[in-house]
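Worksheet: one structure, shown below.
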Amino acid sequence: MNLAALPLLDQAVLVLAAMALFSAFALLAQSRLLSAIHVFAWQGALVAAVAALTGAASGDVNLYISAAITFVLKVLLIPWMLHRLVRRLALERQADPLPYPALTLLAGAAIVVFADWVAAPVAQFEHSATRNVIAISLAIVLLGMLTMVVRRQALAQVLGFMAIENGLFLAAVASTHGMPLVVELGVAFDVLVAMVLFGVFFLQIKDSIDTLDIDRLSQLASSVEQDEDTEPPR
Amino acid sequence: MMLAALALPLAGVAVLAALASAAVSLAASRWPRVLSWLSFPLLGVCALAALASGIDALWFGGAHQAVLPLGLPWLPWEVSVDPLTGVFLLILGAVLLAVAVYGPGYAREFRNGRDSLAALGVFTALFVLGMLGVLLAADAFLFMVAWELMSLASYFLVAFQHEQAEHRHAAFLYLLMAHVAGLAILLAFGVLAAASGSFSFAAMRAVHPDAFWAAVAFTLALLGFGTKAGLAPLHVWLPEAHPAAPSHISALMSAVMLKVALYGFLRVVFDLLGPPQWGFGVTLVLVGGATAVMGVLFALQQTDLKRLLAYSSIENLGIIFLALGLAQIFQAAGHPALAALALVAALYQALNHALLKGLLFLGAGAVLHGAHERSLDHLGGLLRRMPRTGWFFLIGCLGMAAVPPFNGFVSEWLTFQAALQAWQLHDSLLRILVPLAAAALALTAALGAAVFVRAFGTAFLGRARSRQARHAHEVGRGMLAGQALLVLGIAIAALLPGPVLGLLARAATQLTGAAVTGDGWLWLTPISPRVASYAPLPILAVLLVVGALGVALLRPRRRAAIRRAVPWDCGFAPPTPRMQYSAAGFAQPQRRVFAPLYALHEQVTPGRYELAVGDRAWRQLYLPLGALTDRVADRARRMQAGHVRRYLAWSLITLLVLLWIVS
Amino acid sequence: MDRVLTLTAALLQPLLLLAAAPLLVAWIRRVKARLQNRRGAPLLTPYRELRKLLGKEAVVARTASPLFRIAPYVVFAATLLAAAALPVLSTLLPGARVADAIALIGLLGLARIMLTLAGLDAGTAFGGMGASREMLVTTFAEPALLLVVFTLAMTTHTTNLASMAASTLAGDSVLRPSYMFALAALLLVGVAECGRIPVDNPSTHLELTMIHEGMLLEYSGRHLALMEWAAQLKLALFAVLTVDLFLPWGLATRLSPLALLGALAALVLKLAALGALLALGETVLAKMRLFRVPGFLAMAFLLALLGLLAHVILESAL
Amino acid sequence: MIWLLLTVFTPLAGALLLPLLPRVSVAGWLNLALCALSLVGALGLAVEVLLHGSLAGDSFRVDAFNVYLAVLTAFVGLTTAIFSRPYMYYVHSEEKRVSRNGMRLYHSMYQGFLFTMLLALTTDNLGILWVAVEGATLTTVLLVSLYRTPAAIEAAWKYFILCGVGIAQALFGTVALYFAAQHVLPPGANGLSWSTLYAIAPQLEPRVMVVAFVFLLVGYGTKVGLVPLHSWLPDAHSEGPTPMSAVLSGLLLNVALYAVVRMKMLTDAALVHSSTPQLAGHLLMGFGLLTFLVGAISLHRRRDIKRLFSYSSIEHMGLMTFGFGVGGPLATFAALLHMLVHSLTKSSIFISVGHATHIARSQRIERIRGLIRTQPAVGWSLLLGVVAIAGFPPFGIFTSEFLLLVATMQAWPWLTPLLVLGLLVALAGLFRAVQPMVFGAAPVGQYPVRANMLPVILQLAMVLILGIAIPGVLAHWLDQATQLISGRPLL
């Protein structure tokens, strides 16, 4: 299908999806926490915009609601909570540089290729223009996971987690024009609760090990079981 | 015939009595007397019923079946009693009866201890129940349930005095090996069930797997039942576990449980598996022969009386399996009558070993009870302190040493007779193998005699080597009566081989289709009078007559019969108990001759000689396996490194790999 | 009538052997003495020794149990019973139906076990030593003996000694390699079992080399007499066993007086020759060190095994 | 319908109500009562299903498969509540490890957890199923960190992160399913209804279904504890309060496996005409076997008693997964039975373990010694529980393992040696650790604790009965479930 033959709305959807993908890369590479939170907010906005545009293209009211929920949650509420946490934990200046940025980004690119390969049989089956967004969303999901694997900062991990959620949402919107509303609400509720819990945990972790570097959270390795002097609690 | 149909109901009574015994034993933690007044008598009822059922089944022959309303809906538990079951019900009943009479006296010891009497009673009864279940089962599922129940209950009995670390170790090893055995048997049944499409023995009997799968099933059955029966090199648990249990339980384990394993093997290989193959027979002969020689060599070096008896059990099971191998070879070669002879020899040996080893373990228990010691190096002179136990023990020893007119000789004689018919085989390999097996058997018999001379000689003769042995006391009436019952059984098996063989032959006929006769009550003439015959009663009569004549003729008429004096000992200083030959010293020549087979640790310091005789199988097979497990476990543990990022990476990699696989 | 005759013969044959056993021992001593250029004791000396011992007081160690006093009777009776299973003069022997060759070996085993237990009973060092060594000898000697019997049983298809002898008599004289091995094994085993040189020395009480005598050390009086007599009987028994199995010619197959007389004459000749051979061997050979005994016995076992294998490989196809 | 509402929404009401109660002791009793009420509902539901067959509605579906799991969930919920009342009260008032607010949170989340479990079981909507399973994570994650120790927080964090990511993958799979369904279903139809999807499954595009299944498997498989996605499980099970360990091992894993099996049924139906009709089964078998073996070997050289038993849970989940993967009526029946008996046994073991750790005042295996001497009831129940979980008759786990081995023997004979090896290694690992704990002399200064052994006795008795004779009703019920899953009944 020729890109030029698409309606303008669809073209816009594709552009926005590409930008969301880029934001996933930005999230992967961005070492400063505050900037990363901003990138995440932008990604949320892009995804919400995709939902709204798809709604406009298909005339589905549910999608507007989804877009609104996403906007409120991912662009406003969660970045705000994260901001507050960063300030409360005095992490504004903290950076979390990647150990091998070039390699990580290459791996990210490979993942995109892989996602396209996996999604191809799925996508060829859909006739609408937005079918290739499925590959993009899968790539965003996998990149989110990659972010969680490579980042040592607990907050950065949460951002990766939330990016996965964004990818999922994008997939739902692009492939099926959104899930039924009950499910969307349930998902949104879960995300919200998860965010609250993350906040609780940050405080607890900070209390107990005085840092949010999750590599320090390795007391429970089985090899440590051999240690005689650490007495695990009941 | 009304009586013929009684076998199954009687077996049912036995099962119910065992269940009742288990149930009432629960009360023993509060009222210890329950054990003596209810649990053991109920076991006695169970024993009598099993005995009656076994004799009934053997006397009348035929199979009686029933289906129980238990188990799975499409897999109900089936039970049956046939002559093969009968033989083993007979063994179980005979030994259990003695144990039930013996038990109360022995268990009284534990009343003051901290070990739970309720556990003892409950698990003893469950153990018996499990063994009964194995014998009665007519489908693989019930068989496995009963089999594992038997293993599990005996595990708890081995662990009964669990405050001693070596008992715990023995129990663990035992449980592990029992599980190996159980799973192998389960797989063997799996093969049979896959061929016949059903778990019922009747169906398995009707449809046989092809040659390959039959070989697989045979190997699995040999592995499973052989582990339980203590075949080398799977025997290591046995000398650990049997001594650890209370003595009357050791008697049950050695005398009955090993036979139950034998029963299982017979049932699977001779009854269910289908046409015999000479390869199976050769395997059995080799494994049995190796086990017998290995067992007796190690028995000769033990200083713990109960360990010695345990190794001797290994030896005997080796002999039995060797005889089974002969039966398989003869059957495969088309000589069912000879196969039946070899099978009868095996069954007779099983019966003898049950009675003898039961008696010896009960005797060892009495020694433990009377002298609080079971190391041969600390015993001595017990024949004068505990005369009745001592003479009973002597009978057991002579029986195990297989000399006429005792019962051990009858089965050995039958086995030799079977082996000597090897000239009828056509295959020259087999014709060589069978005489070689007979040679191994002969070697085993000679060493076996040495084992029991050593055991009786150091424990009961000579002079006490410790204070406990010097102050040993005879045990109570119940414990003696238990042993006496087994002596009665031994006497019957020893002196009336014809009738006993006639009974056992029913089972052999069931499995081979050929008959064996004992030729009347006096003679034992399995093939023909020209070939060989044996009559123990005249032998006993002549021995008694000559002995009595000698005493009567030679007794001096004027003086006192004898004069007592200090031992002569070539006129050296009056000997002290420490100058006696010790148990280790007695077996020293054989230790030198067979040194490469033992893992010896000797340490000589001035005035002390320390010796440990280890099992090579243990060091070369089991310890490496344990170490391997630990190494793999440590490696697996590295997966659990504690870093959440690594866990996430695992997750991501799994996802990518799976997507790659399916795309 | 026939039956009575057979039974009488059956009763008389072992008694005959029992009566003749000391004579055989005396004969061997005599030949040995001659070979050593001595005159030697009269042939009746063993009988006199037995009579002397029977008249003496029996002294029993304080530490011994009742088993010590029972053992001589059991040993004697069992050996005698074993002798009853042996065709001494005639192959018509009901005793052989009661106990075949395997049972014979078993009865000898019973005697030996009682002997060793008695050796252990007094709790002395030498008794234990003798018992321990006796058990070492048995470890190889008994299986070797069994294998010898098996070799012949495979040929004659019977373990009944009378039938074996009868079967050898009835058949043609064939030169069998298996018999050669078996005979050699049987001779070695017999030497070891009867406590002769080079395994044991019956005429010494030198403490550290004793086997059989070590076990008898605490015995005296009638007990010792029975033990000694049983040992002599055992030697005679092995001698008769050897000739029965390998040289049965001369044995009576009927119970006619003539045949029996002929058998007696043949037996005397054969035993005399065998005894002389043993004496010669004992003169030529030296007593071995105890640690070399297992090698000697292993050789016996090996020979017996070779006999069995030679039979299976070379002869059974015939 | 009324039973369903009673079953599912009683816990929800409890979750909202219990934190409002001022007194901790009353909350414990109320917790118990609510569980009992929910069990009554589940039993009523079961009777209804038994009498009238499956119930299906707009967004729920109750058939033989899930109703037995629902009863099991409610039952284990109740028995654990019986255990947890005095146990948590002891932790709160004697050990002072949990504050009053902590106790409120505990009771609320306990009910919330039960609600999500029951919701996940009874819903027909795959989206709601996802929400409920995610909800189960959220409700339990705070309980894992209830003690606020660094280790507990760390365990909770890992649990949260790993399960969160895993479940996100399941959502992607769900989206893909919905996507596949939309192409077949008319507009307006409920493309997330499992019943609807199952009915049209053969028309679903196989290639999409395969990708969807992979995501669903990895997603829900994380919660099942499939290796190598299992890393959170030992941490979470060992650091939380013991009642939580009991329900996590006994219930959560089951529900996650339930979800996997539902997805497998859909995939199987969709792939029936493709070139790889057995793909889902093979994947499950591979994961199951790997999980089983790794779980079994990991039982060796453990130092922490609760970690030990959480590895045992992993091992058994592997076995069940393998069973479902083998397919066929016999293996499926065996796996269903195994789910049942494993839940009962494992939760009873965790209850005994809870008492044992209180007796020894430590969770380290080498400090727990001589339990039978100190407190025979606890020692024997732990020992018998382990005997049962190790697969000895006459306990029910033997039956299911027997059937599973036999089924494997028929379908994949060359895999049975691996299974047998695993079972042996597992037995050795378990007894190596447990035997010194229960046997032997008691250390000085070790005293019995107050323990309510009723739940343990009840559960072990049930496992025992299941091992001796499976009641006809239950067998019929399991058989119906077998028919649902494998397409053929066994009987």
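Chains here go by letter, A, B, C and D, matching the order in which they are written, and residues are numbered from 1 within each.
Note that contacts are C-beta pairs under 8 Å (C-beta built on N, C-alpha and C of every residue); 3 or more make two chains touch, one makes a residue touch a chain.
In this text the structure is predicted, and so the values were computed from the model without any measurement.
J.: Need the most distant chain from subunit D, centre defined as the mean of C-alpha atoms.
T.: Most distant chain from subunit D: C.
J.: Decide which interface, B-C or A-D, involves more C-beta pairs in contact, and give its chain pair.
T.: Counting C-beta pairs in contact, B-C comes out ahead.
J.: How many angstrom between the C-alpha centroids of subunit D and subunit A?
T.: Each chain's C-alpha centroid was found; their separation is 30 Å.
J.: Roughly how far is subunit B from subunit C, going centre to centre by Cα mean, in whole Å?
T.: Taking the average C-alpha coordinate of subunit B and of subunit C, the gap between them is 35 Å.
J.: Indicate the whole-number Å distance between the mean C-alpha point of subunit A and the mean C-alpha point of subunit B.
T.: 68
J.: In angstrom, rounded to a whole number, how far apart do the mean CA points of subunit C and subunit D lie?
T.: About 78 Å, centre to centre.
J.: Considering subunit B alone, which of its residues make contact with at least two other chains?
T.: 637, 640, 644, 648, 651, 655, 659, 663
J.: Can you pull out the residues of subunit A that are in contact with at least two other chains?
T.: Correct list: 118, 121, 145, 148, 214, 217-220, 222.
J.: Please output the residue numbers of subunit C that touch at least 2 other chains, ranges allowed.
T.: There are none in subunit C.
J.: By the touch definition up top, name every chain pair that qualifies.
T.: A-B, A-D, B-C, B-D
J.: Could you list, by residue number, the parts of subunit B that touch subunit D in their complex?
T.: 69-74, 114, 116, 141, 144-146, 148-149, 151-152, 159, 162-163, 165, 168, 171-172, 175-176, 179-180, 183-184, 186-187, 190-191, 193-194, 629-630, 632-634, 636-637, 639-640, 644, 647-648, 650-651, 653-655, 658-659, 662-663
J.: Which residues of subunit B touch subunit A in the complex?
T.: Touching subunit A from subunit B are residues 637-638, 640-645, 648-649, 651-652, 655-656, 659-660, 663.
J.: For subunit D, which residues are in contact with subunit B within the complex?
T.: Where subunit D meets subunit B, its residues are 157-158, 161-162, 165-166, 169, 210-211, 213-215, 217-218, 222, 227-229, 231-232, 234, 279, 283, 294, 297-301, 372-373, 376, 387, 390, 392-394, 398-399, 402-403, 405-406, 409-410, 413, 416, 420, 423-425, 427-429, 431-432, 435-436, 439-441, 467-470, 472, 475-476, 479, 490-491.
J.: In the complex of these two chains, what residues of subunit A are touching subunit B?
T.: 114, 117-118, 121, 142, 145-146, 148-152, 214-215, 217-224
J.: Using the touch definition from the top, list the residues of subunit A that touch subunit D in their complex.
T.: Interface residues on the subunit A side: 118-119, 121-122, 125-126, 134, 138, 141, 145, 148, 154, 157, 161, 164-165, 167-168, 171-172, 175-176, 179-180, 182-183, 186-187, 189-190, 193-194, 197-198, 200-201, 204-205, 208-209, 214, 217-220, 222, 225-226, 231-234.
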